[in-house]
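Chain naming follows the written order as A, B and C, and within any one chain the residues start at number 1.
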Amino acid sequence: MELRKPHEHHIEPNIPDEWFVPKVKDQTEAEAVVRPSLSYWQDAWRRLLKNKLAMAGLTFLILLIVMAIFGPIISPHDAAEQKLANQNLPPSSKHWFGTDELGRDVFSRTWLGARISLFVGTVAALIDFLIGVVYGGIAGYKGGKADNVMMRFVEILYGLPYLLVVILISVVMGPGLFTIIFALSITGWVGMARIVRGQVLQIKNYEFVLASKTFGTKTSRIIKKNLLPNTMGPIIVQMTLTVPSAIFAEAFLSFLGLGIQPPLASWGSMASDGLSTILSGHWWRLFFPAFFISLTMFSFNVLGDGLQDALDPKLRR
Amino acid sequence: MEKVLEVKNLHVSFKTYGGEVKAVRGVTFDLYKGETLAIVGESGCGKSVSAQSIMRLIPNPPGKIKHGSILFKGMDLTAVKEPQMRNIRGADISMIFQDPMTALNPTISIGEQIIEGVLQHKQVTRQEAKKTALEMLDLVGIPNPVERLKHYPHQFSGGMRQRIVIAMALVCQPEVLIADEPTTALDVTIQAQILDLFKEIQSKTGVSIILITHDLGVVAQVADRVVVMYAGKIVEAGSRREIFYNPQHPYTKGLLNSVPRLDIEETELVPIGGSPPDLFSPPTGCPFTARCAYAMEVCDRKYPFKTRLSQEHHVDCWLQDERAIKMLASIK
Amino acid sequence: MTAYIVKRLIAMLVTLWLIITLTFFLMHSVPGSPFNEERATNETVQKNLEKYYHLDEPLIVQYGLYLKSVITFDFGPSIKKSSQTVNEMLGRGFPVSFELGLVTLIVAVISGITLGIIAALRHNGILDYTAMTIAVLGISIPNFVMATLLIQQVAVNWGILPVATWVSPKHMILPTLALATGPMAIIARLTRSSMLEVLTQDYIRTAKAKGLSPVKIIFKHALRNALLPVVTVLGSLAASILTGTFVIEKIFAIPGMGKYFVESINQRDYPVIMGTTVFYSAILIMMLFLVDIAYGILDPRIKLHKKEGS
């Protein structure tokens, strides 16, 4: 192409002539990516690290898990050991969290309760995850009629008052650990299924998924390689938030007398026992389990919030 | 010609946690009464930011006008207080945005959305405001306006919605209308109708229009003058004729070559390779150097001076220097 | 709209029928049928039961008869409290529980929305962090813990408010507070995030470009859209308030439906459990229905299109 002559030529002063030579081109320069690119997970992790509240929650949860494992071991008293002479002792150097009406050490029982609460929460979340992902994944992936029927069913389950159903099942099956987990899972997976289906519906129309479909990739492979990684974010968040609601439900049931039965202890049953004595001033019997339920739920909630922010692809920069 | 708006040496930056993005780096242009000025460039070149700065709609934080002035009716818009700015927005300077599907509030009837603008700026009764709204809807070509006034945005097509957005922007007879990619989200046939509407309204009301677009086809249809932006700077500006028939900056040429044209023989389309520089740390020299076919050593070292080619036409490029012309001639 | 309401009404009835059926068969699947002789305490009760449930008939006939009586709003007699019917218990307990639930819902909605708006408008400011920390705490502290904390501090230590029962407005404060904290926190968080989302929408920018004042933009343009998601959770919040009344009524010794329900659970008084469950479910389903209608009124898009999927 020819350069048209401008109306007036001039020579810019203070610019040396030798600069007017063709530039030696670095071929990669024009296409170079300036900032280092982080993978989705690295980026998410970096953002989570910045969220102080979420990190505090994570730290507490790790401590809690450690204490749930080792707490009963390091405590000088056995959780089931009853000494009527030691009835309702306030916290002291001997009994750090005091004792209950049977003279049992509240410190030891608190960590025993942590085991139960964490166990219930984790197992409920895992079961929700398994059922929800399979059900929601199939509904979303198949679409059409199958999706319609499957989601109608979910909708009905969703309309049922969750805790009421859990209570009914507990009444019928008789209280116990297995009952609680069963009752929690029977309705709990619905939320997960809805989330997974929504994500799958959205993602399956993305071009990269359509592309692998046209290559004749098998369905199971598409689900594994394309859909799952992309739906992981909301799923992780949902699981993190399922745990505290399961812990709450367990405590709630125990409080109504439908939960964990002795000799097992859960925070809910300890708080329920403690409530009856609050007016006689044995505050520690209520305080410690209540405190740990609240702090655990708090930690899971802030961690879940933090994960939600960190895993949201829209917030990536 | 009377100047309505003078933008002088405008600098706008955004603070992000990767650092400061210098989105607009010294932009100067004027807007004359009754003309259409097009600002063209790739996405991210700072054209929308410049426009939103005029309306002071840059979200602050993170955005900030660091430097420069925007003169409107003797006022510097970068310095006026927010309440006064509110009296200007919608009344003296209006803006319409790219996507008519999201620019209207889905839960408020379109009539109310037009009327509230009138009531905000004019001392009129609701009835009078409604009458003005009806006239405006009629002007922008909404059939059956009395009935349509009560309808909600989702009951209109994309093209119709953009007409409503235009009506909303013009209802207070502003002197300046800033249209940010007003046709990008629309079908081609609808695009032409909307552009015709702009021309028609301009001839009726004498409004000055700043049209922001990346689409040179749109520019060719309606613009009187064109400003070409690249990496936060104006690299070339001129009348429509000058830009289309006598482009000087390699970037302008590149833009023209990447668009299908019917008026010249040459039909081969050449995309511009590469991508714009990172505005976290813009290069000291000409930002286009890395993508420029005529790049010289000087381009990397120093930003070119402005060369004025005519009353309107000016360009920032080292190729305007005599030594560059000689050098290129010798290579050939 | 009408077609939509009819469709929702049918779905509502189906859900209710499912719950009745589920409850009936669950209760009858309890090992060593709950309605057999040794469960009942005296002869009158036993006779009432047999008459009511036709225990000699096959299960399916009993089911049919139960369905029929539920439709006529007759939940039968209690097995533990002779000469009392479930209807009588509901009649006594429901007004109290309704009062508690309604006041709680109102308190939660008003305070939650206010907190959420403040947090959104002061995004990333100190008020935002404070409001949201309060909200996460509110979600994390179970209502029974909240209740006992309040009793311990306000009623026992300070002695400002009565410890329990439900006789004057003063007695209502603590239970309402304990019950409202969780829902309030949920509403506050939802309002905040939804408000923040709405504030980034194009139509808010359009409103700004019109020169509207911030107050107008927030209350006229943003709030209504931001509250749409809040309306959708009202149904499930009502459910959580309702189940919350079980423990709150137990702790504060409030003579509401929840108290009867918890008692009936502990005593395995199956007819009462069945009756209250069905009644509770009916209320909740009703609530979900009302929420849907309210949503349709608030969002003009619903009228033309069918309700969009999740």
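Following the convention adopted for this analysis, a contact is a pair of C-beta atoms (placed from the backbone, for glycine too) under 8 Å apart; a residue touches a chain by one contact, two chains touch by 3 or more.
Because the structure is predicted, anything quoted here is derived from the model rather than measured.
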Of A-C and A-B, pair with higher C-beta contact tally:
A-C
Hey, which chain ends up farthest from chain C, C-alpha centres compared?
B
If you average the Cα atoms of each chain, whose average lands nearest the overall Cα average?
A
Chain B to chain C, mean C-alpha position gap in Å, rounds to 53
Averaged-CA centre spacing for the pair chain B and chain A, given as whole angstrom
46
Quick check: how many Å separate the C-alpha centres of chain A and chain C?
25
Okay, in this complex, where on chain A does chain B touch?
1, 3-7, 9-12, 15, 17-23, 25, 29-31, 34-35, 317
Could you list, by residue number, the parts of chain B that touch chain C in their complex?
55, 57, 86-91, 94-95, 97, 99, 102-109, 116-117, 120-121, 152, 154-155, 165, 168-169
Chain A - residues contacting chain C, complex
53, 151, 155-156, 159-164, 167-169, 171-172, 194, 197-198, 244, 248, 251-252, 255-258, 271-272, 275, 278-279, 283, 286, 290, 293-295, 297-298, 301-302, 305
Contacting residues of chain C [partner chain B, same complex]:
201-203, 205-213, 216, 220-221, 224-225, 228, 298-301, 304-305
Where on chain C is chain A touching in the complex?
11, 14-15, 18-19, 22-23, 26-27, 29-30, 133, 136-137, 139-142, 144-145, 148-149, 151-152, 156, 163, 239-240, 242-243, 246-247, 250-251, 262, 265-266, 268, 273, 277, 280-281, 284-285, 288, 309-310
